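One structure follows; several queries about it will come next.
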Amino acid sequence: MIWGPDIFILAILVVLAIAAVISRDLLVATVIFSGYSLLMAVAYVQLNSPDVGFTEAAVGAGVTTVLFILTIARTARMEEDGS
Amino acid sequence: MIIISCLPVIALLSPLIGGIIAYQAGKISETARDLISIVAAIVSFIVIVAMVPTILNGNTIEYSFYYTAISTLPIAFRVGPFPLFLGLVISFAWILSAVYSHRYMERLHSRNRFCLFMSLTLSAVIGTLFAKNMFALFIFFEITLFTSYVLVIHEETPEAMAAGKKYLFLGLATGLVMFFGILLVYLQVGTLDLGKRGILDGVHGNILYVILFTLLVGALFKAGMFPLHVWLHSAHPIAPSPASAVLSGVVVKEGCYVMIRILYDIFGVNLLKTMLVSNWLVLLGGLSIFFGSAMAIRQHDLKTMLAYSTVSKVGYIFLGAALLTPTGLQGAMVQIFHHLLAKSALFFCAGALIYKAGIRDIDQMAGIGKKMPITMMVFTIAALSMIGVPPLVGFASKWYIVLGALEAGRPLAIGFGLVLMLSSLMNAIYFIPIIINAFFTGESEHGEHKEVRPDDVPLSMAVPMVILAIGIIVFGVLSATTSVVVIKPTVNAMMGL
Amino acid sequence: MSESLFGEDVIVRTIARLVAPFIQLFGLYVLMHGHVSPGGGFQAGVIIASSFILLALALGLPESKERFKKTIRLPMESSGPLIFALIGVTCILAGGYYLQYGIAFLFPPAVVSAILISAVEIGIGITVLAMIVTIFYAMAGD
Amino acid sequence: MTWASHLPIIVVLIPLLTAYITPMLGWMDKRICNPLVIVSTSFAFIASLLLARSVLTRGVISYHMGGFAPPFGIALVVDYFGAYMCIVISFLTLMAAIYSREYIAKELHESKTAPYYTLLMLMTGGMMGASVTGDLFNMFVFFEILSISSYALVAITGKKVAILASYKYLLLGAIGTSFTLVGIAYLYILTGTLNMADLSVRLASLYGVGRSSWTLLVALAFFMVGYSIKAALFPLHTWLPDAHSMAPSSISAVLSGILIKVGALALIRVLFNIFQPEFVVETIPVTSMISWMAAVAIIVGSLFAISQVDLKRMLAYSSVAHIGFIILGVGLATGYGTTGGILHIFNHAMAKGCLFLCAGAIIYKTGLRNIDDLAGLGNKMPFTMAAFTIAALSMIGIPPTAGFISKFYLGLGALETGTWSGWVFIGAILLGSLLTAIFYMRVINNIYFKEPLHREDVQRDETPLGMLIPILILAGGCVIFGIFPRIPLSLAEPAAKLLLGI
């Protein structure tokens, strides 16, 4: 097992996750989340489960993102303060 | 023989089916409805009479649906002398009540429903009497509660609903306590059979007292014994008079019957004697006698007074049974028989007064004896029997109970023999003034019943009353004979002598 | 979303039109190789569905819907599981357990197994495709 | 292999296949949906009966999906309990399907007919599957199928309150689902298998072994919480009153009648099939804990029901109390008690199903939901109200109805434990029965013995025949199985004995 890429991927995953959480622009958060999913797919392949990686790439990075964006288009783009 | 073993089921089903048919017929013709319900009661009576020869030969009739209920607890029937004796009297009283209610009910609403539930109640009571085990007995016992509930609330007034609510929920609660006792018995000995004169022989310790208490709570509630009588004086008077008669005359006796079965067939005389509870039970009976009589004296409403009088009479039955002597039990049985006749007659009379003169209050009865002589004559005979005047049945029962108390030989039992005497005095205090007032006082100033014409109640109402009064006299005169022929063998069977 | 997200951008429209069949082809590849390599009915369904989503994004919803009508989607949604279940029943009829692919039925077990698994995967793919597109249309303002 | 050996999969397949065919046919002609569903549930019912017969004659049936022997493949294992549940589920669904024909035509928009029947069949398939499966993860999947379709069914009327109720149900249901998933994951980490029989063997060696026994307990806790939400056991029942009262009545009958019982089934499977009875009864007194919770559920559920004014809400709270009876019986873990709990699944399904269908009939005819407004209905709808009364008496446990028999068994079971807590439990059972009487007698008094406000209220206006038939069948069942309780007991008794290993 190659440790370097794994740790690199995990580190980026953590960074992306934090970025997605703190972003107040939901569209930005969605795009970051899409990238997160893509990296997750890579991580799954690394963990010897290409099937799950495949699904994650197609569903998590693809369809889910589109559905999120559609939702944002129908509601509001910016997270509101307080109330 | 197969037909004979089916007889208990037929006796049970004929009022059930008859009641349903009568309910449907009532939508077309009222007379047809009443005829059908009378016929159903008569069929039931005849079927029970048909069982007499077999029982007199010393056999019992059994019928079981072995594969219908839980395997060890079939819904089964067994008819012995005691159930048969009581079944005869009850179904006969029911015929009279059905005849009586034909005219009486014509001024009330929901007559079809009343007729249906009267029949259903008879059916459930017969089921209770003939049940072979405690499981089947409890089933019919609970059904009686619901069917009689409908009779209690028949008027649907707020007072009736309140009385019915008290009756139903206290009945359910005490029924559940009794259910708990049944579960305890079943788990202890694995049987609930009522034919063995004591099934709890192998059980020891405090659990016996728990079982006795829980089982008796259910039975004594239905019987209207002293601490559990709180429903009786509101529920019985509020029902229509034919229903009051069967509630006080029959449904209360069902409770007494169950109580006697519990004492003599679940526990058995020997076990109760070793448990040393007899004195306490006698004390309870004495309290009931005293309390019922005392409350009856205070009443102005005739039907409420009669209801309290029931509390007192149930005390006699319980006292007699709790003495655990053959003569005491004999007295209790005669008292059951006597009270069934007399209290039904008294409630019929009270109903006749309401029907004809519209009076419920004792103070309004002055001079009514001249206008309604038959009613008041019947009332007098029944009341004298209640007091215990010698040639009547009531005297015989008190006589046996006192003898039983002496036989028991305990100071306490003798003491309550004296309470019996005291209570006769109290009975006299509340019955005699009514009679004197009705016959020997002129009509009062207010003239509450001026419009009553001097003819008596319709024939269909008078006949049942008169039959009951004749019964009181005849069986009183023949009490020695009937005791030897009917009661004594029954008692011996119960006591295992 | 009555019209395309990208307005009348010719490049996007053209590229989307060109790419869509290839995505679908790739989806079919994933579908047919599901039983020997990573992939399968579910992934293939999502991939093919994404081609329709792409068309919707580039060309606008009406045009995309024109290519994939409701009258087609509705039977597709329920026919997938039906295929799945019926193939299971076929296995029973052929004398095996439910979904027991490796049975000799006209062909040797290995061949039957390959055929049946592919059929099941096709069924799954059809349903996933139709469902995801339906969800997308519903959210985009059906 | 005879065709009969395929019955375990057939009972699951029939409703699921119908669920897939229904939307296609419904798309062509909406009127086909109802006969199709009735026919297929009838077949499912017959298949369940055959399955039960086959289980009774041949013992536990194990069916290997795809021909892979367990623990590698997914196995369907039908024991007495599973067969029993299949009968209850298909029977009540059949009744609901017959009832739906006329009820749905009025209650729901025409465009929702096909989705309604599809979801109903999916839910049935999920329940059947959860009853017969022998695989923990497979059970999870079936639970998802039935839960998701029930979320949709609660909201199908499209009213705002219904959607809110459904949302609440969905949130709690999702929490329950994730809890069970975590539990499954823990067990898989510990043992590397998901087959129930295999799990029970492998877990037996782990009881009380260092850290793994802690993991075991955590897994058990997750299962308990997760499936208690599905079964609406007392502190986790909060979704039930809204969901069951807002759904269409035919669905309420299925939800209250059997769906929560499938949650109870899952609890039973986890307690007695995966963990050994000795473990959950003696080592860790889980059963005693859930018995206490169930006893509280009986009392609190009944008290809540007493305070309701809406008929369907009252019935829903009554379900909270009666799931308490079922779980109490299971938790007693004695022969009589568990038999009583399992028997009560059937008896309560019939009675509560009948009550909800009657409530639906009242709403269908008069639009009334308030208990105080029901005066005069005894004359207006005599047959429906007679059925209502019989079912209510069965709920109270009045002889000779079926409820009395389950009360009898539960009471014996509580006493059989021989501990002081057994006396508390029997107190809860009896008090619960009395409290049940309070709120059902209030309805009955209102129906029969109260003067109606308007004269036209007493005009004879009976429920349509198509809706009346299932109501009467269920009410008749309440009486018949009270007089002949050996019919359900012939399955319930061996089921309890097999589960407890006695």
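Should a chain be cited, it is by its letter among A, B, C and D, assigned in written order, with residues numbered from 1 in that chain.
Heads up, the rule we're going with is that contacts are C-beta pairs under 8 Å (C-beta built on N, C-alpha and C of every residue); 3 or more make two chains touch, one makes a residue touch a chain.
Here the structure is a predicted model, which means the values were calculated and not measured.
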item	value
Chain pair whose interface holds the most contacting C-beta pairs	B-D
Separation of subunit B from subunit D, taking each centre as the mean of its C-alpha atoms, in whole Å	44
Interchain centroid distance [CA atoms averaged], subunit B/subunit C, Å	80
Inter-chain centre distance, subunit A versus subunit B - centres from mean C-alpha coordinates, in Å	82
Inter-centroid spacing, subunit D versus subunit A (mean Cα positions, whole Å)	40
Numbers and ranges of subunit B residues touching at least 2 other chains	none
Contact pairs between chains, per stated definition	A-C, B-D, C-D
Contact set on subunit A toward subunit C in their complex	50-51, 53-55, 58-59, 62-63, 66-67, 70-71, 73-74
Parts of subunit C lying in touch with subunit A, wherever the complex brings them together	1, 30, 38-40, 42-43, 46-47, 49-50, 53, 57, 132, 135-136, 139-141
Residue ranges of subunit C in contact with subunit D within the complex	74-75, 77-79, 81-82, 85-86, 88-89, 92, 95-103
For the subunit B and subunit D complex, residues of the former touching the latter	67-71, 75, 138-140, 142-143, 146, 153, 156, 161, 165, 168-169, 172-173, 176-177, 179-180, 183-184, 186-187
Complex interface listing, subunit D residues touching subunit B	393, 396, 398-400, 404-405, 407-408, 411-412, 415-416, 426, 430, 433-434, 437-438, 441, 445, 449-451, 483-486, 489
